[in-house]
Amino acid sequence: MPKVIENVGCPYCGCSCDDVRVTVSDDGKKVLEVENVCAIGTEIFKHGSSDHRIRSPRLRQPDGSMKDITYDEAIEWVAQHLYKAKKPLMYGFGSTNCEGQAAAARVMETAGGMLDNCATICHGPSFLAIFDNGYPTCTLGEVKNRADVIVYWGSNPAHAHPRHMSRYSIFPRGFFTGKGQKKRTIIVIDPRYTDTANVADYHLQIKQGHDYELFDAFRMVVIGHGKDLPDEVAGIKKEKILEVAEIMANARFGTTFFGMGLTHSDGRNHNIDIAISLTRDLNKVAKWTIMAMRGHYNIAGPGVVWSWTFGFPYCLDLTKKDHAHMNPGETSSVDMAMRDEVDMFINIGTDAGAHFPIPAVKQLKKHPWVTIDPSINMASEISDLHIPVCICGVDVGGIVYRMDNVPIQFRKVIDNQGLLDDETLLNRIADRLDELNAQGA
Amino acid sequence: MSEIIIKNGYIFDPISGIKGDKADISIKDGKITDKVSSKAEVIDASGRTVMAGGVDIHTHIVGPKVNLGREMRPEDKLFRGSFRGGILKQGKHMEMGFSIPSTWKTGYSYARMGYTYANEAAMPPLMAPHVHEEIRDTPIIDISAMPVFGNNWFCFEYIKNKEIENNAAYVAWLLNATKGFGIKIVNPGGTEAWAWGDNCVTINDPVPFFDITPAEIVKGLIETNEYLGLPHSIHLHGNNLGNPGCYETTLDTLKLAEGYKPKNKFGREQVLHNTHIQFHSYKGDSWGTFESGAREVMDYVNSNKNITVDIGAVTLDETTTMTADGPFEYHLNQLNHIKWANVDVELETGSGIVPYIYDKNIKVCGIQWAIGLEIALFAKDLMRVFLTTDHPNAGPFTRYPRVIKWLMSQKAREATLDTMKYKDKVIAASHIASMDKELGLYEIAMMTRAGPAKALGLSSMYGSLAKGADANIAIYDLDPTNIPSDPELIEAAFQNTAYTLKEGVVVVKDKQIVAEPHKYTIWTKVNMPENAQVMHDVKEKFTKNYTVNLENYAVFDEHVHNPRAIEVEVA
Amino acid sequence: MTGKKLNMITQRAVEEGIAMEIGKTSREYFDACNIIEMNELDMKELGIMKNTNVRVTSESGQVIVKAVVARQTVYPGLCHIRQGVWANQVVPPRTQSTGAPQYSGFPVTVEPAPNEKLKTALQLVQGAVGLWKGE
Amino acid sequence: METVTMTLVQQPELYLECYSVTPDLFAGKSLAEIAELPAHEGKILWKLGDFFKFEGKSGATAAETKIVVNGNVKRMKRFGQQMTGGEIVINSDADMYVGGWMRGGKITVKGNADSFLGIAMEGGEILIEGDAQNHVGSAYRGDWRGMSGGLIRVKGKAGNDIGTAMTGGTIIIEGNAFIHVLTHAEGGTVIIKGDVEGRVGGQMVKGDAYIFGNLLYPLPGFKKIGTVEKEVDGTTYTFDQYIGDLGERKTKKKGEIIYGNIYMKI
């Protein structure tokens, strides 16, 4: 008899939807059907029980081919290389549960290396802004139950977070928002006329890279200097700025959701920093909150776990062993790659091969490269060692942090069929490193 | 199994009434016992002070708000490592952070001060799995966490409708779901109001849209707490915290407890614990006329036995304020313009975080420092007045030894006053300079272990050296017959124990972490019949208003670290 | 050179998300990510036919992609390649000391290259590190 | 003043952290003791003597000690970190954090310096004969207390984040600068003798920026109030004066609102 598992968490985007219904085969090895899920989520569950899934570690041979090895051999290989490296880097964790991220912290503290997560190329600038200016935010349920004005700035949930608008922001009817979309004003600020802009009441087609100026303009209006505005700022007419600022200032409860459009363009953290300043200003006249549209279902996780472990969310330098250091620009993965600061690379739960600029990939490939990931991807296909693991939310459970830092408890839906999960694998590597350190000392 | 005898120490154990007598303490299988065999390992405590392991009744050490504080303050870690004279790695993990230490440093630091139990003072129920993850990674000390109820929509509805039985069933369900310990209330109604940018600054300000007042919320939750007979009383951070003149709101709030009697099997005698009362004892009508209201507040506390308080002493450090009192943090940020974080949590609570520098050269900070100490020095019964710094709000918990020094030594207080730029103004606006009282070790033991343990309803297990209690023991390098004239030596003795034992295991020896044994998560398990109405209401709210599914809300068993349930039976 | 300087950005698309989960070596990923979305006026000016290949060159590399008129429109002077392997052949790794590369807002030259062939993801990445065994 | 000359004899494989190379740590030590001072290459703890040979002698105090660094130390970080006096001359390029958290003394780099030059500097003087990268005289991450005193002069160009969260002191960039000058500043002076792309004075409470070249994208939050003559770096020029950031909070002094200033050379 096929079995139905309800309240399953979806391991795709930062929405971390926890209402998925999965039907699995009698033997618990196959996903037969997935409901309440977006098109992308569906593919993950399908992939989880695909016959093509890699089930054994593979080590690159001198001729360039890959040969299957055992987990024991793979663990030994990684531990030995970590032990020898002067400054190894472990990067990734977009698709790892918190238990795995905690075990990774243990590995890199023991090894004395660098530890970084995908935020470094994604919402890392948001962390920098939070460091400098704080983070007046809320959980997504507050938006659902209270918000009457929603701003999407440099983010396109229609593509990147398919259920965000329907579950949390634009469409849902909540306690104080019984009319749903009808009583909400949606403002999209984006240089493209995106599919999200298509459902908005206002689309400000900003000149790419000039968000900071537009935020400054909004702040002037809120603080009472609207009359001093130039006729046009960042491609937006003064009248339009005044009109939209008025809507924001009159909100009962407003939320700004921001994305890569701010974190990846000139100024990076400063674009978010000033958005936070605007949020603070708006709280003088309205209630306003701001939230980063975190990309992966648990990419908030490493920031949370490592903050309680070391005090820093990413870009950790653990080489000194008795204290941690962090300074993105120096201790960030892409910068270290380009400066040739590290001498070993472990790609875990992500695909640096596809998502780093290619010059950074080339630099890292000069040194031993390990990929720990359930899938065949660009990183696995250029690595010296590929170790397949369970998929969190599919064949292992665990805690993940949604984009609003709400912890969601994920369930396991199918049998792991001999695959190790990240936590077990990493703890075994750390155990072996402890032995090597003890022998060395 | 294992046996230990601690020989010839000076014992201070208010639970047993032992006031510095020289005696031996026997330990068998992790518990205090009356005798052990000759094979017992001997710890020499001669010339030293022996107390039960410290119990912190109010501290913010684990959970989302604490952690966002860590995350947003990299500068709290700058040059604090051993690299430049900080703590060398002693335990399994490095120790990071000053005002908001990492979980590892938190556990190690408490243990080094002789503390073995800490009560996390504010757990947003929705974030409970996060709290439990951090508990897992906080070594050595036992931890309980109190869910916040003072702005909870369910409680608003039940209390407004005078349905105490339903409210009790909901509280019992939530304690079980979150593996929580007791009822925490923060700015009742005010944090919900803050979700609209508003606040409740008196106990009679109506909560927007909910047709209820803070006074009704507090009374309703006292009734709920005593209906259930929980080990701890309600644990209250009242309205109008931190504002000049707030002591009047505090007195109004304390009076809400009048007429209520404790009902429990745990030996608890209070119905209301008012936390960090320093922040609630301000007179004056502006920052310019700011002055101490400690006497007025403590006069009331001293004469009402059904109230306990903790002091929330200001330590004059650069620290990080964090509270579920969202509007307070916003207003604090409007004063100091440093960074501000805020997290409103759906249906339940909110929180805010602002770094703050208690600068001895600012008059108000000096007065705040005085008030914290005055609270303790005015207290008539130190079994009802406990030492805290509302960590990290008035200062990091690692400064408890410094607060003890100030309480034990007028000379130390005078030395600190002398460093203040506005010393005369501080003296004029406070009582501290005229107070010559100096607390003794027995009184310190009351404030730091026996009293808090009793108020938490846990004195049979913690804060006690009586037979049957957990063998949690602190041995300080301090000879009570020869207290050093230099107060700095008192602080040093309390900063790092000679020994700390946790459940009979030596975890600190000669100021160093030497073991990290297992530890517990303490929670309150209420056994009562399921309430169909409440379960219906819960399902409905999850369907309509929450963004997390009900079945994923309660903390899964595998995410609760070493649970140790305190059981309560309700017919 | 017949090209024109455009300002390039790279962002997520739902098609890319689906294809990525199917697999980065899949036909779906290939189809989803090796396109450049442009404004029709820019394409006309450059003499680029819809759905023909172009060469995109930046300070840090070049890549052949297929030009389409953006459905999520861009204004003239702006172009978009969906995030992934093809975009990252030209994304500059400079981070302004933040750790995040210049994914959004960097100058590229786009020129018609109707006779150039598109490369697969594997060909590009393995090729860059000397592991590509194909032709 | 006594001089210690340290000459590179061995390049590190990765980057070397030279936090020990300060007059404070050299003062009063013999050359053999100086060679024993620690330096990190990743997780490996080395001694300075593993990479450098030392000649000369150190003074009794930091103020009386000069350090001359010879050889290509482009891959070495943290020269002069937290120094309080004395002098360092680096006859090469240097990597990040030159003069970070510096409180006194002087550092000269004959080549280029990388990012985080003079970060959170409190006093003293830094001269870079070549270019600097990003975050010249900025604050450490999260800190609202950036550079508070001293002088940084970069003869060449510099990148983004110049004087972020600055509260005092002076930064002079003789070449061009990129974006974000005096962002979040509450004091201090930045002089850019070349062009700036944009974002000068954003979120600035207080402070003075002098721009000699073009400012391509001025912020909307700045308003022209007049023309003034000012002496800058020893010469008097005429400037258009702009005040702002009008979007940011302002402080008052004797009832007058204090603004941040941008002076554009005419």
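For clarity, chains are labelled A, B, C and D in written order, and residue numbers in each chain start from 1.
One rule holds for everything that comes next: a contact is a pair of C-beta atoms (placed from the backbone, for glycine too) under 8 Å apart; a residue touches a chain by one contact, two chains touch by 3 or more.
Here the structure is a predicted model, which means the values were calculated and not measured.
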Result of counting contacting C-beta pairs for A-D and A-C, higher pair: A-C
Chain whose averaged C-alpha position falls nearest the assembly-wide average: A
Rounded Å distance between chain A and chain C, as computed from the means of their C-alpha atoms: 23
Length of the line joining the C-alpha centres of chain A and chain D, rounded to whole Å: 34
For chain B paired with chain D, centre-to-centre distance based on mean C-alpha positions, whole Å: 44
Separation of chain B from chain C, taking each centre as the mean of its C-alpha atoms, in whole Å: 56
Touching two or more other chains - residues of chain C: 96-97
Residues within chain D bordering two or more other chains: 115-116, 134-135, 140-142, 144, 160, 249
Multi-partner residues of chain B (at least 2 other chains): 72-76, 339
Pairs of chains in contact (touch as defined earlier), listed by label: A-B, A-C, A-D, B-D, C-D
Interfacial residue positions of chain C with respect to chain D in the complex: 96-97
Contact footprint of chain B on chain A as seen in their complex: 6-7, 9, 18-19, 98, 102, 109, 127, 130-142, 144-146, 167-168, 174-176, 252-253, 280, 283, 286-287, 289, 303-305, 307-313, 318, 320-326, 397, 399, 401, 405-409
Touch list for chain D against partner chain A, complex: 13-15, 40-44, 96, 115-116, 134-135, 139-142, 144, 160, 165, 179-180, 183-184, 198-199, 202-203, 217, 219-221, 223, 245-249
Residues of chain D touching chain C in the complex: 115-116, 133-135, 159-161, 178
Contact set on chain A toward chain C in their complex: 12-13, 39-40, 43-44, 47, 52, 64, 116, 120-122, 124-125, 128, 156, 158-160, 162, 191-195, 197, 205, 208-209, 260-261, 263-269, 295, 314-315, 328-330, 332-335, 337-338, 351, 353-362, 365, 375-378, 381-382
